[in-house]
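Take a look at the structure set out below.
Chain IDs A, B, C and D follow the sequence of writing; residue 1 opens each chain.
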Amino acid sequence: MPSPWLRIRDEFPILHQEVNGHPLVYLDNAATTQKPRAVMAALDRFYERDNANVHRGLHALSMRATDAYEGARSRVATFVNAEAPEEIVFTRGTTESINLVASSWGGANLRKGDVILLTEMEHHSNLVPWQLVAQRTGATLRYLPVTGDDGLLDLSQLDRVLTPEVRVFAFTHVSNTLGTINPVADLCARARRVGAVTVIDAAQSIGHMPVDVRAIGCDFLAFSGHKMASVTGIGALYGRKALLDAMPPWQGGGGMISNVDFFESRWKPTPERFEAGTPNFGDAVALGAACDFLDTLGREEIRRHDGALARLAYERLSALPGIRVLGPKGERGGLVSFAFESLHAHDVVTFADEDGIALRGGHHCNQPLMRRLGLTSTARASFYVYNEEREVDALVASLRRTLKFFGLQG
Amino acid sequence: MSAELSDLYQQVILDHNRRPRNRGRLPTANRSAHGDNPSCGDQCDVFLRLEGDRIAEISFEGSGCAISQASASLMTTQLKGKTSAEAQKLFKEFHEIVTTGKEPEVISDLAAFAGVHAFPARIKCATLSWHAALNALRGDTVAATTESHKD
Amino acid sequence: MPSPWLRIRDEFPILHQEVNGHPLVYLDNAATTQKPRAVMAALDRFYERDNANVHRGLHALSMRATDAYEGARSRVATFVNAEAPEEIVFTRGTTESINLVASSWGGANLRKGDVILLTEMEHHSNLVPWQLVAQRTGATLRYLPVTGDDGLLDLSQLDRVLTPEVRVFAFTHVSNTLGTINPVADLCARARRVGAVTVIDAAQSIGHMPVDVRAIGCDFLAFSGHKMASVTGIGALYGRKALLDAMPPWQGGGGMISNVDFFESRWKPTPERFEAGTPNFGDAVALGAACDFLDTLGREEIRRHDGALARLAYERLSALPGIRVLGPKGERGGLVSFAFESLHAHDVVTFADEDGIALRGGHHCNQPLMRRLGLTSTARASFYVYNEEREVDALVASLRRTLKFFGLQG
Amino acid sequence: MSAELSDLYQQVILDHNRRPRNRGRLPTANRSAHGDNPSCGDQCDVFLRLEGDRIAEISFEGSGCAISQASASLMTTQLKGKTSAEAQKLFKEFHEIVTTGKEPEVISDLAAFAGVHAFPARIKCATLSWHAALNALRGDTVAATTESHKD
C-alpha cells in the first residue's frame, strides 16, 4: 500500500488555489487547520443517510445517529487513550472545555485561600476562565514564569509556586506562540504530590503528536476539533470519571436531566450531565473521522514532520536581519513566531499575503506573555501535515522582499 | 412483520403484557423499591416478602411499554422462591440475553427476551423491573434508574 | 420560474431511502429537520475555498472567512428582523442561548424576592437553566398554567401571576408537545407593562413561520439551526443591544477580551463578548444558507403547509379508537402528539418504524407538562416542508395495523 | 507588487512611517489621550496644546504597523491649527476615505489612505490615532479603543 503521505495534498482541495496570483501557502495552522476530503465526506454521508436527533429516539435513523454519535465518543476516547467513553464530554472546543472545568469543578471546589496555578505562557482561553472563577470563589491566581526568548517554563521556580494551597494547576501542552513542548507528565506528577488537580490545554498538541491521558497522568484535557483536521464547532473535554461524576452540571436543558419537576431536577450521570440540549452530533462524526485520518498518517510521523519544518523555519528565519525568533532552539511544536525590530507584524503578514502566504500576526491571544517578552505582537508561521520545505523557502524569500521594500536589508 | 419485530414481540411477551402476573401491591411485603426510566417515563415498583434470604412472594406495579410490562411480569414468576444470590445470577443471565441475544444455557421463558438485543434503545425497558427488584433485595432506598451511560 | 416547492424532495437526499423495506417517512422534524443540498453545498464550499480562523487574521482566507461569518450574522439578523447584526450572538442552539441569558442576565439582575415567570408547557431547556439561576440568586419560579388537552395558556390567570415582582417572563413560541402557537406579541406587551424582560424560546417556530423580533417586541429570542434546515452545532441568541451591552460575559477566552492582564481583563462589546474561543463559523455559514433556503420557499407558505398537515393528522388520528390527541383543534404548529389508552408510545414508535415511519415517543423534554396532563409519554408526528399528505395516510394506516396486532381495533 | 498593495503602502505613507512628524511627548500639552487596538497590540498616545478651541500644538507616541504610524504622523500635520469642529469634520472625511476608498473633495494628503479600504482589517490601524485625538479634544479620560463590532 502506498504511504498515505505520498499524495497528501490531494486530500485538501482548499490548497489548490491561487491567492493574489500565487499558489496558496497556508501557514496559519495553529489558528485552524484545513480539512481533508475524508472528514468532509464523513460529514456529508452522515447528513445524507443517518441524520436524526440522538438519544431517546426509537426509529431507525435516530438509532443510527445515536450509534454514530456514541461511536465518535468511543473513537475520541481511544484517540487520547481514556479509560472509557464516558470520560469524553463533547464541547464546542478547547475554550468551552476549559470554561466547563473552571465553572463546574472550580465553582464546586475552590474557595478563599485556594490557589489556581497557571503559567505565563497560557492562551487567554486557559486564563480568562480561571480569572472569572477566581473572582467568583475568592481563590487567587499564581503563575509559573517563562524563562525568556527560548520560551521554556522556569522549572527552577516550580517548588516555590506549587505549594499545598494549589488546588488546580492548568497549563498548555504546546505553546501557541513559543512552540515550546512542556513536560506535561512531569508537571502532572509534581502536581499530584501536592494534591492539585491538573488541567491540560491540548489545543496545539492534539493534532500534532500522540496525546495519551494515561501516560500523561492528567485529570482533565481540553482540545478543539478544528485544529486537528476536523471542522469548527466541536471539541472535547477529557475528564477522569471519578472527577466528572462528582461535578455539578454546568448548563441546564434537555438531555442532561434524569428527572425534571417544576421546582427541581435530577441530573444524568457523566457525560450526558454536561451535554445540555441537542449535541453537535454531526460535527462529532467529523471529529471521529479526523481521528481516523490522523492515525492513518501516524501521530509520531506527524510530530516529526511538523517539528522538522518548524526547526527548519527557525534556522532559516534566524539568518534574517533585525529579527527575533521566539521559543526553543531544539525540539519544538510545529510553529515558529518572530518579530522584526523595525517592521510590525501586520506589515509582515500583509506583504506575505501578497505572495499568497497565510501567516498570523498579533498577540495570538497571549497578551500577558507578550508583555512579559517586551513585545506587542509577532508574526507566526505554523505547519501541518500538508506543508512542505519549499513553503519555508517561499516564506523566507517573501520576507526578504518585504525587508527590501522597507529598506531593511541589513 | 419483520423477523426482528416478531422476535421482539414474541407470544410470551404479548401474553405477559396482556395478562400480567403478580401485578398490584403486595400487602404482606417487607421490602419494596421504585425504579424509573426517566427518558421514556417508564415506572416500576417491586414488592417483596422476604423470608430469610428467600423471596417468598413478589409483585409489581407500573406503567410502560409492552416490553417493560411483560418483563416485570415474567420476572415475578422467575424470582419467586429464589435466594438473593440466585436472583443476582438470573439477572446476569437475563442481561446477557437482552444485550447479546444469546440463548440461555437452560431452557427458560427468559429466552423470549432475546429479540430485545436488536433494539438497543429498548434494553432499558426490559431491565427496569430487574434493577428495582435487586435494589429491593439489597434494601436500597434510592430509586433504581436505567440512566447510566450504557444500558 | 417554477415554484421551489415543486421538486422539493429532490433537495433532500436522505429522504430517498428505504427503512425496513419501506420508503422512509420522516415525521420527527420537531426533534431535528433534514438538510437540503443547498445548505450542505454552502458548508462544503466554505471549507473547500475560504476556511481559516476568523477575526484578527490579515491574510486572504482569514478575511474571506471573517466576511462569511459576519455575513451569516447579518443574514440571521435580517431573518428575524433584528435592528443590527450585533444583536445576534451565535451559540450551539436554543439550549445554550437560554443558558447564556439565564446565567449572564439572570446572574447580574436577579435576587431574592424576584420572580421568574415560566409557563407549564416549557421544554426542559427553558426550565432547567432558570431553576439553576434561581438556586444561585434566590429568585423564585412561578408558572402560568396550561388549560388541559386543548393545550392553551390559561390567559385568565395571567394577571394573577404577572405581578411587579416578575423580573423575567420566559415562554415558548410554539409548544413542542402540544403544537400550540402562543400569542407572543401580546405576552410581551403585557410583560412590558410590569417591567419584565421577555425571553422567547423559538426552537419550534423559527423554521416554520415568520419570526419578527420587532413585531413580537421581545427582549431575547433563542433558536437552533438544526431545527430550521441547517446543521447541528449552531444556533443563535437574539438580544436587544441595550440589554446585551449591559450584561457581563459568560464564558471567558480568546476573542471576547479587549485586554488581558495576568490578574484581570477587559471585555469586547457585544456580540464578541459572548463568543469566547473559536466560533463555529463553518456551521454559521450553513445557517445563513438555511435562511436563504427557507425564504425562497416563503415562511408564510411553510406555515400554511406544515400547519395543514398537522391539522389533517389531528383529524385523522382523532378517529382512531382509544386515542387521546393533544393540543388545539384549530390553528397549530406543524406537529401533533397523541397517546393510546392501552398502548405505550414506545410500542407505537417501534411498530411505526417497522413501516419506515419515523416518530418520536416519550416525554419530549416536557416532563412537568406530561405530569400535569396525567401522562408519562406520547407519540409525536411532526412535519416539515418535504412532507406530504400521503405520509399522513401512511401513518394512520400503520397505526391501524399496530392496534390490530395488539387486539385494540375498538 | 499588486495594485492594491502599492495603493496601501503609498509613498506618502512610507515616508511618514520612516520619518514620523511630531513624534514624542509634548512638554506643553494640556490635553492627552491614549488609544489601543488590543486585537493587534497597537498603541497610541496623542498630546495636544489647546488654545481656546484651537489645536496650537499636537504630537503622538506609539507603536504599531506602518499604516498606524504613518496615519498618526500625517494626522498631526493635518490637525495642527484646527478647531474641534474642524477636526471632527476632517475625521469624518478621513473615515469615509479609509472605509470606501472615495477620494476627498479637496486635494489632501489624506487621500494617501484611500488604499486602506481594500484591506478592511487595517481600517482600525488607520483610525486609532484619530480616535485618541478626538478623545483628547473632548477631554475624555477613557482610553479610545477600536474594538467596536464594526471598524
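The definition used in the following text is that contacts are C-beta pairs under 8 Å (C-beta built on N, C-alpha and C of every residue); 3 or more make two chains touch, one makes a residue touch a chain.
Everything quoted here is computed from the prediction, not taken from an experiment.
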Chain-contact steps, minimal, separating subunit D from subunit B: 2
Each chain counted as touching subunit C and subunit D at once: A
Pair sharing more residue contacts (C-beta pairs) when B-C is set against A-B: B-C
Furthest chain, CA centroid comparison against subunit A: B
Where subunit A and subunit C are represented by their mean Cα positions, the distance between them in whole Å: 31
Rounded Å distance between subunit A and subunit D, as computed from the means of their C-alpha atoms: 37
Inter-chain centre distance, subunit A versus subunit B - centres from mean C-alpha coordinates, in Å: 46
For subunit B, residues contacting two or more additional chains: 38-40, 119, 122
Touching two or more other chains - residues of subunit A: 20, 56-58, 257, 259, 346, 350, 361-362, 367
Partner subunit D, residues of subunit A touching it in the complex: 20-21, 343-347, 350-351, 354, 361-363, 367, 370, 375-377, 405-407
Residue ranges of subunit B touching subunit A (in the complex, touch as defined): 36, 38-40, 119-122, 145, 147-149
Complex contact set, residues of subunit C against subunit A: 13-14, 17, 19-20, 24, 26, 28, 31-32, 34-35, 40, 43-44, 47-53, 56-62, 92-96, 98-99, 102, 120, 123-125, 127-129, 131-132, 141, 143, 224, 226, 231-234, 249, 251-257, 259-265, 276-283, 346, 349-350, 352-353, 356-362, 365, 367-368, 371
Subunit D-facing residues of subunit C, complex: 55-58, 63, 66, 85-86, 257-259, 266, 268-272
Subunit D - residues contacting subunit A, complex: 1-2, 5, 8-9, 14, 18, 38-43, 63-69, 119, 122, 125
